[in-house]
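As written, the chain order gives the labels A, B and C, with residue 1 at the start of each chain.
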Amino acid sequence: MLFYSFFKTQVGQQVTVELKNDLAIQGVLESVDQFLNIKLRDIHVVDPERYPHMLSIKNCFIRGSVVRYVQLSPSTVDTALLQDAARREAQSTQQMNQAKPNVAQA
Amino acid sequence: MSQLQPYVDRKVTVVMGDGRVVVGTLRGLDQTTNIIMQGCQERVFSEDEGVEVVDLGLYLVRGDNIALIGLMDEEADAAIDLDNLKAAPLPAVRH
Amino acid sequence: MADTAAALTVEEPLDLVRLSLDERIYVKLRGDRELRGRLHAYDQHLNMVLGEVEETITMVDVNDEVQTQSLRSVNRTVPMLFVRGDGVILVSPPSRAA
């Protein structure tokens, strides 16, 4: 849930999504869902000469599973807040695992 | 609500996991991005010749094999000279 | 165990990642990619946000005429990067990250 929440704070920001097929797409983050599927608007591909396959597309949905990277603008990221959130997430994930019966010992 | 709902009944370009590009009208979808597309046409890109358009009909594409779904601007699309557009096919997705 | 002690000890692999928060780490990825950057966030899938990232991609150039292969690496920097966890092969904490 950490990164779902994080990406929600990035809605409206300019991002570059790099896919696992090496295509890189720049656009404004419109929305994100729990699978980290991403919707972008006002897009352009980073290397249009090589990738003219999406010339008539201004808005797109990218499946989360094909994302390699998302480049973000550093000024929009509160790194201290993010680190605190990561520590809290680690703690709550650990507590959840401890609450479950240990399958490995069964 | 699905992020793709606003794309339903609109003309879309789908980039598949194997790099194929298919255009058609999005008719339905589910949670896992399985989609139904009507009036599908594959656009086969090559470096030597223009884009070849192949009629495919009605497709159900499994979500796992979808990389991207793009909403097409039909006016902008009509202005593209596919016969003279040359480019290597898109690479496949490598997980 | 007291919360303070739990925060400092390594009981499971991801604890090592937690202790690397705000440190520069090394990440090896699928597709002959390597990253060095400051860890700002991670989750149980090893999704991460890294800052001041240096990426190295290693490619093999094959010369057919003389039947040789040479390694070529391409570097780039990215100020702030989300990395999807499914591509991560390993994470190494600061001591090795130089």
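In the analysis below, a residue touches a chain if its C-beta (ideal position, glycine included) is under 8 Å from a C-beta of that chain, and two chains touch if they have at least 3 such contacts.
All values reported here derive from a predicted model rather than from experimental measurement.
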Chain closest to the middle [Cα centroid of all protein chains]: A
Chain pair showing more contacts of the two, A-B and B-C: A-B
Rounded Å distance between chain A and chain C, as computed from the means of their C-alpha atoms: 17
Between chain A and chain B, centroid-to-centroid distance (C-alpha), Å: 22
Cα-centroid distance, chain B relative to chain C, in whole angstrom: 33
Chain A, residues touching no fewer than two other chains: 20, 65
Residues of chain C engaged with two or more neighbouring chains: 86-87
Set of chain B residues in contact with two or more other chains: 94-95
Partner chain C, residues of chain B touching it in the complex: 94-95
Interface residues, chain C side, partner chain B - complex: 30-31, 86-87
Touching residues (chain side chain C, partner chain A) in the complex: 7, 12, 14-15, 18, 21-22, 38, 40-44, 47, 49, 51, 78-84, 86-87
Complex contact set, residues of chain A against chain C: 2-3, 6-7, 20, 36, 64-65, 67-74, 77, 79, 82-83, 85-87, 89-90, 93-94
Complex interface listing, chain A residues touching chain B: 19-23, 25, 31, 33, 37, 39, 43, 50-63, 65-66
